[in-house]
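After the structure tokens below, expect a handful of questions from me.
Chain nomenclature is as follows: A, B and C, assigned in order of appearance, with residue numbering initiated at 1 for each chain independently.
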Amino acid sequence: MSQTDLYTLVGSALFVIGLYALMTRPHLLHKVLALNISSSGVFFVLVGIARRVGGPVPDPLPHAMVLTGIVVTVSSTAFALALAKRIYTETGTAALDAADVDVGESLGG
Amino acid sequence: MTWETTALVIAVTAPFVTAVLIFALGERRDAARSGVNLAGAALTVAAVVTAAGAAVAGAPDAYPTAGIALLDIGFGLRADLLGVLFAVIAGVLWLITTVYAIGYMSRASDRARFFGFFSVCVGSAIGIALSANLLTFFIFYETLTLATYPLVVHSGTPAALKGGRTYLTYALPAGGALAVGVVWLNLLTGPVEFAAGGSLDPALATTHPGSLVAIFALLMLGLGVKAALFPLHGWLPAAMVAPAPVSALLHAVAVVKAGVFGIARVVLEVYGPLGPELGVTQALAVVAGFTIIFGSVRALAQDDFKKRLAFSTVAQLSYITLGVALASPIAVAGGIAHLAHHAAMKITMFFTAGAVAEEVKAYRVSEFDGLGRRMPLTMAAFSLAAIGIVGVPPVAGFTSKWLLGIGSIDAGSGWVIAVLGISSVLNAAYFFPIIHRAWFRTPKPEWAHGPAAGRPEGDMRMIVPLVITAAIGLAMGVFAGMDLSPASWAQTIAGWEFPW
Amino acid sequence: MAEWIARQLPALVVLVPFTAAPLAYLLGTGFGRQIALISALLSQPLAILLAVTVVREGELRYEVGGWGGPLGIDLVVDGFTAVMVLVTTVVGLFVTVYALGYFGNRERYRFFWPLWLFLWGSLHALFLSGDIFNLYVCLELVSMSAVALVGLTLRREALVAAMRYMLAAILGSLFYLLGVALIYGAFGSVDMQTLREVVRSDTTGQAALALMTVGLVLKTALFPLHFWLPPAHSNAPSPVSAVLSALVVKGSFYILVRLWVDVAEPMAFPGVSTVLGVLGSTAIIWGSIQAFRQQRLKMLVAYSTVAQIGYLFLLFPLVTGGGQAAADAWMGGIFHAVSHALAKSAMFLAAGTVLARFGHDRIDGLGGLSRRAPVTAMAFGLAGVTMMGLPPSGGFVAKWQMIRASIESGEWWWAAVVVTGGLLAAAYVFRVVGPFFGREVDDLDDADLNAGPSPWTMESAALVLAIGALVLGIVGQPLLDLIMVSAPALVAGVTP
């Protein structure tokens, strides 16, 4: 198994873990974190691909993509958190459907 | 652009421009709206007459045409003999109906909406008449379907909305069937232009007979709804909830005749000799024959005056379909002549229904006893039209039925004579009692001495138009032998349609 | 000068809204409105010129900053791109005019202007992108500004709908990005022109395409991944609803079409396009039935979008037939996107006028609307004609081409779906429009909601868009020609 394959596998696993959490966790903070884990998985795959060319110098293009991706993810995470906080102040719960979250799980409180 | 071409374009666009102006003027400016409407209608009449003149003067390859590129067919207009006949009928009767409607609607609400959509309907009907190909025809045909809806539901009552729903339930699936038929036919043959004598390649009858029959069925399903062929006629009686001018111009002339006109285009100018060869026109003739008897029988049982007229229309429309389907030049001439004759007579009858309803609030045949005393002019016009529909000479209906009869013998379809005979008896049976009641039964006491002294028998804006249309119906019969009468015109058209 | 503008056109159509956006933010509400209007007006000639240039010269390429690939960003304009830019620009202008009246000078909506301009620029950038990674960035830009616009009112339902939308959007983008990574890993490029030459139908390629498709299908809200759309589109302020339904869903659809029909066409296998077609058909039926069952006008219109998106996906099975059928499917699908954009924005704007004026959008409470608000009732009704696909509307030409393609390829069942969908659309349109002509109900009292709206511009903007969609069926031939300029190999070589 090459290094690239390993990175691809691990990245894909992270992506799936994030996906699973996004689907099952009702709390908005969990959902945002889940998306972060998924995006880390994607970046892992990209970083691994940079090694694909062989030789001492890795392909710089995937790195550029990861950097761009990180910028996008950071901003969208910030935005998602702000939105989640606003939902909490408006509705009193940090979930899409109030019935999904019991008080104990309500991290925002 | 020659001036004939300009006239052709104006004939189709003027009603739509009129509609836009009417909508823009809004509800309150009645005088301006009436002025714009009458001017638009007059301009339309002038334009269609000019285009008709060019069509009469020109040979088939010299008809005025206009169009723009659209899909592989083009959006095309053409003033040919058959088309201008329908366009002239629609245009002239629109002008007369506008006068009537201004009187009829003077106390109604939502007048801007009414007259606006009315103009759109007329524009679509004229567009249907002057379409050069099936795509253009279909575009105007469906525009007519939609623009009629606001008029059917105009009063806004639950009954009107229900009538509108019934109308759409028939009309929209029909549009779907028509669309598939038109697309399929275009794929099979390339762009389908209308051409006298048929435009399909005769070889197709041997290579694709199944497809051609299926396409014909789809097209008839689409056109048969407006033409009120049994069993697609159910919407027409339901649509009688509409105001009288709508029933008069649209449900006796523009909308329903758009259906039969479409059938004529498809049978004569698309399928041509392939129709009888594939056996599809024979089937159509049988359906039309049955519809004639069916409509007449149903009309007998109606006490509601407008419903009786509606079932009469169902039957009379099938005269035209039958004539077109018989594949004999004489029968086709009879059918096409009936398109004009029935228009003049039936619009008179619906005008009567509206005038009577407005003036003495009588809606049922059983309420008509002695009405001739109270509204002599109106009932005289009605009686004249009724006699014409029954087929008594010299009123117009006689000429078309005569041609149809001769044509059916010419086509070797003797059974049609029986249908015509039975139908005429039935026509008499449902119209003569009305005439009898109006003139020979004892009137209600307040009707016995006619209209109040010094007062006319009703709003003259309604009475004068119906007298004029009755006179037109009479004139079409009396002068049937003259060059530009609908009957001779129809015979010329039929001559073009049968080069085979 | 004229020549310089002509050369810089691809960059200018992106730059104008992107320059206006921060200006509108920095200068505040009063100036923001004017900047938006100036940007909208300035974009019109640019988009038209771009279309004209493409018709004259074929595909255009523009290297941003002169860098060129593989590190630089290339903008590419073919007929498909030019059409999408054109429709975005036209809808954008009327939405802007409408929004001037709708939001007025109210301070709490000051962020509408920069966000809307930003969304507008992002859409243009997306349509012009020449590589699949830049498409990812644009997708995210579009999504983020769209989400922010959904939550603009800060109403509770709007915030929740925005959050649901955001989670779906980010997830969709991640699926897409993972696919991009695999493509780059397998074929060593993200440039679509290069990819067109090198893609092969191997496991990695197919996996990548599958991931991208799932992500984009989620973002386009194709049944059954449409759950986020109705709440987001109906709870957004109406000008935003119009943009979302008319343009934003078309962004991800655009990428999907690019991938399947243009770039990765050798990888396309009939099975997947059939699945997309079946999902599209289900969307048409299911979305229409749901639309019919709604109690609120904006929800009905939103479910109508779910249904109309279904038609777009009929492009995939129909285009695989090749030959004339492929060309007809291509023209039909894209023309549908265009006419739906005009008609759906008209519908949402009309619904917005109703909501703003009468304070509610309950369908049962709209009886007699044609008397109380004739222009708005007319706009909604005319837009409905396009939804039904009846002539003379643009929807008719689109469906005509789709029915044609399905008969040509012998797969008549797609034609049956198209016709059935039209009838179902008639059912939900007339459920609303019928009562417009009925007796007035008490619910149509003016709710004195806001200070200084200009109903005249609002009502006319909706009407003009609806009329545009309506006449597109007669005067649409130039657009059909534009759609075919530099069309993908699969559909090219055949003229309409």
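Assume a residue touches a chain if its C-beta (ideal position, glycine included) is under 8 Å from a C-beta of that chain, and two chains touch if they have at least 3 such contacts.
On a predicted model such as this, the values are computed, not experimentally measured, just so you know.
Ranking all chains by how far their C-alpha centres lie from the centre of subunit C, first place goes to B. In this view the innermost chain, defined by its CA centroid being closest to the centroid of all protein CA atoms, is C.
Look at where the CA atoms of subunit A average out and do the same for subunit C: the two points lie 28 Å apart.
With centres taken as mean Cα positions, subunit B sits 68 Å from subunit A. Inter-chain centre distance (subunit B to subunit C, centres taken as mean C-alpha positions): 42 Å. Looking at subunit B, no residue sits in touch with two or more other chains.
By the touch rule above, subunit A contacts subunit C in their complex via residues 4, 8, 12, 15, 19, 22, 28, 31, 35, 38-39, 41-42, 45-46, 49, 52, 61-62, 64-65, 68-69, 72, 75-76, 79-80, 83-84, 86-87, 90-91, 96.
Across the interface of their complex, subunit C is touched by residues 23, 26, 68-72, 75, 109-110, 112-113, 138-140, 142-143, 145-146, 149-150, 153-154, 156-158, 160-161, 164-165, 168, 172-173, 175-176, 179-180, 183-184, 186-187 of subunit B. Considering their complex, residues 70-71, 133, 136-137, 140, 144, 147-148, 151, 154, 156, 159-160, 162-164, 166-167, 170-171, 174, 177-178, 180-182, 184-185, 190 of subunit C touch subunit A. Listing the residues of subunit C that touch subunit B in their complex gives 368, 370-371, 374, 378, 385, 388, 390-392, 396-397, 399-401, 403-404, 407-408, 415, 419, 422-423, 426, 430, 434-435, 437-439, 473-477, 480, 496.
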